[in-house]
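Next, two complexes with chain A in common: one pairs it with chain B, the other with chain C.
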Partner chain A sequence: MWILAASLLASLPIPRLTLDGDGDWTIHAKVVYPVSGKPIEDGVVRVDGTKIAAVGKGGGGDLECAAVTPGFVDLAVQIDTGNASVEQTSESVARLSVAGGLDLFSDEWRRVLESGVTTALALPADFDVIGGLGVVLKTGGPTLLAARLVKGDAVLRGAIGSQPSSGNNAPRFVEPQNFYYRRPTTRMAVEWVFRKAFYDTLQGEGADDPEEAANQAVLRRVLAGELPLSIQAKATQDVRTAIYLKEEFKIPYVILDYAVEAWREPELLKRSGVAVVLPPFPPDGRHDDGFVNDSYFLPLDAAAQLHEQGVPFALSAHGQRGAGASLADQAGLAQRGGLPFEAALAAVTLDPARMVGVQARVGSIEVGKDADLVLWSGTPFEPTAHVIGVLLDGKLVLDPRSR
Partner chain B sequence: MNAIPMRSLVRTLLCSVALGAFPLAQSDQKLIIEAGRIMTQAGPDIENGRILIEGGRITAIGTQAEVEKPWDALVLGGPKLVAFPGFVEAHTSQGMDRPNENIDVAPFLDIRDSIDPVAYFFEDCLRYGVTTINVQQGGNCVVGGRGMIVRPVGMTVEEMTVRPLFGMKLSTRPKSGKSRATQMQALRFAFDDLRTYLEDLVEKEKDEQGYAKREALFQGRDLEAEKAEGRALANATWKLEGLELIPRGALDERYAPLVELLEGRYTAFIHCNDPLDVDHALELARKHGLLAKTVLVLEDDCWKAAELIAEAGVPAVLEGSLTHVERDPITGVEKETFVPGVLHAKGVRFALSSEDPNTRAPAYQAALAVGGGLDRQTALDAVTKVPAEILGLGNEVGSLEKGKLANVLLFSGDPLSITAWVEHVVIEGKPVYERAKDLRNKHLLEGVQPPNTAPPSKADEEKEFEQGEHSDADKKDAEKDDKGNEKKDDAKDEKKEGGGR
Partner chain C sequence: MSLATVSTGALLVLISTVAWREGAGDAPGGAAAPAPKNVIQIQAKEIWTAGGQRVANGVLIVADGHVRSIGGERDIDPAQPLWKHDGILTAGLIACGTASGARGELQDDTRSVMEAAHAAYAFDAHSQDFARALAAGITAVSIQPGPENLVGGFACVVKTANGRVVSPESTLALSLSAATLGRSTTQGGFQFGASEEDGLARADGGPESSARTQRGTREPTSYAGALALLDKLFARNEGPFARAARGELPVTIEAWDRHEVLRAAQFAHAHKLNGAIRGAPLAGDPDVLAALKESKLGVIVGPYAADQTRPSLESVKRLAEAGVPVAFALDAPGHAPEELRLSAVRALAAGAPREAVWKALTEDAARLVGASESLGRLVPGQEADFVLWSGDPLDLQSRVVAVFVDGSRAWPAPSAR
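Here is the complex of A and B:
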């Protein structure tokens, strides 16, 4: 029924209808980029309530702009889930969800929303080896998690590399049980904690402890492929370790997040079937000395390389702000590195939505999907263009007319 | 005669004689640049254009039908490329070995001594298409010294020089370790000190002590030759009775540059970090008659003083971020201000600068300015025409016109597009950069390691491991050392023996 309506509407001009409420908009753009289909020149998107009611060709609308894209999906929005959200009693806390630690009153949400990001994956901070469950939520709307939630228990978050052990010191001259001394203290131990958690789950080891049983219940869902495992893996070494763990425990669905150097292991990525979330490119395509001197290196064509190799990937802003740092800017910089426009657009909309399983609601402009739209002053992702309007669930949260 | 004052004298003379730019060494080679579009920045774009360059300057520019291609010219470009004038950097404190001195008031310093021709900054300038750069001391100063205009080409500062001894750096932002009061006091004192010195000089001259002359002779300065240059402070706002008695050559070198600043020989680049610095800077400029040759270097929230700047009619260089973020102290709500938009709306003439490390490329800066709401021409002017005028090089650089220096960029597309790259850079008729040969850029783009910088291959590592500390070379060295020691010992023994006899 919807498909029929959509195909009809796509081919026929849409008659301008009288508006019956605040939530109804007709947006006219020189180009509409639905992502799920070909760009529509001189296109119109009609919003009815919180959903997209029609997409097609046509003139005139309440809101005029140069281009319309779907609202962006950022799989690494980092808002106020700082150190306070790091559980200190254990390094493996799969049972905990970041939902309990989110500050919906943070100013950052508005900033992220006005940059065009309408859906975000919130993750626990990466100081635990297995940090807990992440949630997908809308970046605006009522300050109630229930109202913003798109998907609870969206992924289980883990971290490989030195971050979970950073700041941990081996106990010296004091009792080893001291609260202030956390383990692991090395990269090897991080991997060991990871492996132990999964091994114990397979063996049912320690399941008589109710907390551990709850952890193992989550890990079993990961092993069964019901829950994606998102692993922070920055350096090549981390990427390899994460993939070896996936293969060792036959974890069906793994997302490598902040995978700076995933591009160095194309064969391994393809063999293992992981998805990749790229970190932000440094503004204007140049890597500061920290990047160059460090063992992590992200060339500007990393996204283009992954695209060519057919590795599913998403771009992310990872909480960065300032000129050239928003998620939309990442899509521009990825194009500077050779990624085609369509792929760049998908990498900030439908591809990340698919990676966390929310593509039925967001990620493209299709009839029946959430009315999350970004209105542009020019060609999307060009630095000369600006996000001039944002609709979230049919509500105008950034008004292009006020600019 | 002491060599150092002589060198500085020659430089001073050169500076005063040369009103035009110091040219890059030229050959007779003609160069033709062809582009699908030439964005001249001095009128409408030219489709399928051609530029003829002779002796480092543009001698003809027009469509390919209008401009003939000499048979002996080198040809650069192609139908898909876009030609654009080289970007002009109105003010930077990069490209130096160490940007600042500890001395508060140091007008006598010359940036020439600090510029490092092999600084990575200059290589980057080529990559981004910046062809004219005004290098000044950093903002952490009171009176920082004199700067110079360079081109990012050459292994010596002389080769790089476009205009020596250009501009003087001052700052109304407190230098580190200073309060605002001590900063302003130090600035005032710099000029008060000069006045005292000059009054003293006049007094002594009147007393016919000939002190200044003796001092000049002692320092090895040629008094009579410099006399021909005229009297000190001939054109300055400052009036000091009896100053006409003082020949310029009599001025101590520590004070002479400040006198020259007052005479209008140097453009004053005054660093401002806060809106109140702007007020202080303008007051200083007015008091000493520098307003006509003052440029404000703005950071942070100086845009709040945009009206003051517009009223004073001085140009500005925007050194901070294009978007200023501020949190309301009461409500805690964040407010973002698009700085170029405010400056433009208030009528301030401004240049963008590549000082912000996050947005180094001028093309990217201009593009972001357009994205922020500035019209395209104003944004492009802010990286070409306006900085050229600020540097007094409005007739030399900043646009592609007949007679101007041939500083030409060839972009792979619209310069403001995110996908466009600088493919070629021509400075004064010389092709000096080609992206296809830029190995560092290849590394940044594709992760390809430039030659000689790659970490050792596995084979190399194994070799090293096998050799370890007992490599053949080490063994030879060890033998040598042993022999050397033996010989020495022998010699000692001989001596001992000799002594014994």
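Here is the complex of A and C:
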């Protein structure tokens, strides 16, 4: 349907507008990649205020470039206040939101914005089994969350594996001195805490405590499918555990984040209907976990495999920002592993937007959507092409004319 | 020992510029000795009263420790002695945010919430910190609980001359700075009081925290957890929280990084609190400024170091332009009292309006520490705390000639005779 609409639009020439304000641009590119439709050669995107006003074929523009793609969506941007982003006095704090602990003044936001990421999911750090709510926000604009927020309470964040237990101690040799003498201390106990939280919610156990009641209210939204559950699950056993949890409690919507070894369990992924966020591709395929002595393997064709299996997935930079490690670079690496270009582009735009329910506003170049655009010097994700311009909500935040 | 033999320059100025008009039976310079009815009349070249008002050749009349009037020649009571000061007479300076006489005693990291604690019970009234502050023209200080407690208890306002507590519950101290999360900032293995480098050091002069030695002993560990706990306390609507929410008790919220200041301002706005942010070196940031303005909080900045960053120094200018009241912290005993006036002059040099800077040292400071009813201005009824300066107090070459507290000369000490 939208392909049809886009091709109809594409046939209409768009008159060039004169520049009459900060938010009004006509961008002409050799190719416009709307993601929601076929690429438009000799294409034009017209921006009116903060929104996309028209997409089609046409002549010149205020800004010229080789290609235009939607702004990227990173579901693991990892710009947070570190340990202060998650409340660790309890291993399950579903009621708290990372919104209370963001630092929008960090220079990192500007860096990811200039790499083309215009929308991001911010999550609490993974030191709790259930660490609280994540929010989707724009990576630029005023430093007030209200101005940047795309979706509050976008996901509930949990973590399986060794990280949520990595700082905890068992009171074996000494009297417990602090709250890190707590469950869990092993993978099995992490899983136990996770299941207990959902069991207690189903039973209403402990709900006379107002904080626990608030936690359970959030878990009930997860069980009802109103709120996606994002679970960090790196190793194969963690991927399996997360899927078993989903199936045991019939959780409608689960995102496996940092799922390094999800590719090892294609049947389970398909059966359970989970979505996957892949971590960045390391040069040698190995992901070493700094918190514990875990090591996982991510082949370059992991994304291609998921694509072939029909598993919904997104690529992410997961906090990496060095040269060659941006989200766009991940799309290029996934292509080298055999992922088709269209799928690679969708995996950094519309697919992650859909996973967190913000596709009505971002993720593709369509009339009425937010004017978040990335301008390229060549074919997107090619090693010789660069991001030369970025528009965020119609505002030119990286000017291609100054490059 | 007679006054004339005391060889401090300041004192000599006092003698040469102040003289009895009529012999009132007391020796020159003996203003501390009670005159009849405890009345003092001082004529100065200029008197800075309040709200930017300056009275040339003004006469300050003090009775029973309070300002009775400020007027001109015709107000002089010939039956009373008159002092003449060939310089400027202003209200005493007020230093906010200090640990004078209470180094290391103003926080307790075994718990998060100490709403019933009082800084007034923690300081040594005979500490040299007070005498030094007095000599620098500071007549009152606000002793402020430290940043490590989410709720640190009550700050108090103290006279430097005699350690008198003007207000034992002047403001309620809250902290939304990283230091309050400090005990749990770093995860790790077994720690038996081992030192941790947890990144608490601040680029722009935040509080030094001892929070690096332990971990995981108390909540909260996160900003979201801190807000949730504060919300819970304010929801109880009792004790100091109820008084603060009704606007009867100002708060002072520690917040340093811009995101912390924004969070604190939004929290205060949501709970309709009044008072000030302590810290906020980059309060001049447009978004922070907008949030501060909306919250109606003031900001207690400084002390400013010689290598203070430009944006930090310029924040006073931006705050003043936005109509946000500012005051200066002293942070004694880690900082010398002279740094209070020095900080003000540094803000002035960075473009802050003169009037705002002066108010930051006096009446706005009094307001932000909840003492404006009795301190900070030279208007009838206020406590007679004032300073005789050799010249403009915002000129660092001007010296303190004499300091009066509660209508009596407190420095140089009358006992020096």
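Here, the second predicted complex is superposed on the first by the 372 of 403 C-alpha atoms of A that agree within 3 Å, B and C clash if a C-alpha of one lies under 4 Å from a C-alpha of the other, contacts with A are read in each partner's own complex, and residues count from 1 in each chain.
To be clear about the criterion, a residue touches a chain if its C-beta (ideal position, glycine included) is under 8 Å from a C-beta of that chain, and two chains touch if they have at least 3 such contacts.
Note that this is a predicted model, so its numbers are computed, not measured.
Q: With the two structures overlaid on chain A, would chain B and chain C clash, or do they fit side by side?
A: By the criteria stated at the top, chain C and chain B fit after superposition, with no clash.
Q: Mind working out whether A:381 is in touch with chain B, chain C, both or neither, as first, second, both or neither?
A: The answer is first: A:381 touches chain B but not chain C.
Q: Have a look at where A:402 lands relative to chain B and chain C in the superposition and call it first, second, both or neither.
A: Touch partners of A:402: none, neither chain B nor chain C.
Q: Of the two partner chains, chain B (first) and chain C (second), which one does A:132 touch, if any: first, second, both, or neither?
A: It touches chain C, and chain B stays clear.
Q: Between chain B (first) and chain C (second), which, if any, makes contact with A:142: first, second, both or neither?
A: The second partner, chain C, only.
Q: What angle, in steps of 10 degrees, lies at chain A between chain B and chain C when each chain is taken as its C-alpha centre?
A: 100
Q: Once you lay one complex on the other using chain A, what is the shortest C-alpha distance from chain B to chain C, in Å?
A: Superposed model gives a least chain B-chain C C-alpha distance of 7 Å.
Q: Would you tell me which residues of chain C are touching chain A in their complex?
A: On the chain C side, the touching residues are 178, 181, 184-190, 199, 214-228, 257-259, 262-263, 285, 287-288, 291.
Q: For chain A, which residues count as touching chain C in their complex?
A: 81-89, 93, 95-106, 124, 127, 132, 142-144, 166-167, 169, 177-180
Q: State the interface residues of chain A toward chain B in the complex, per the touch definition above.
A: Touch list, chain A to chain B: 107, 110-111, 263-264, 282-288, 297, 299-302, 322-325, 332-333, 335-337, 377-378, 381-386, 403.
Q: Flag every residue of chain B that touches chain A in the complex, lowest number first.
A: Listed in rising order, the residues are 321-323, 332-334, 356-361, 364, 367-368, 370-373, 376, 416-419, 421, 443-447.
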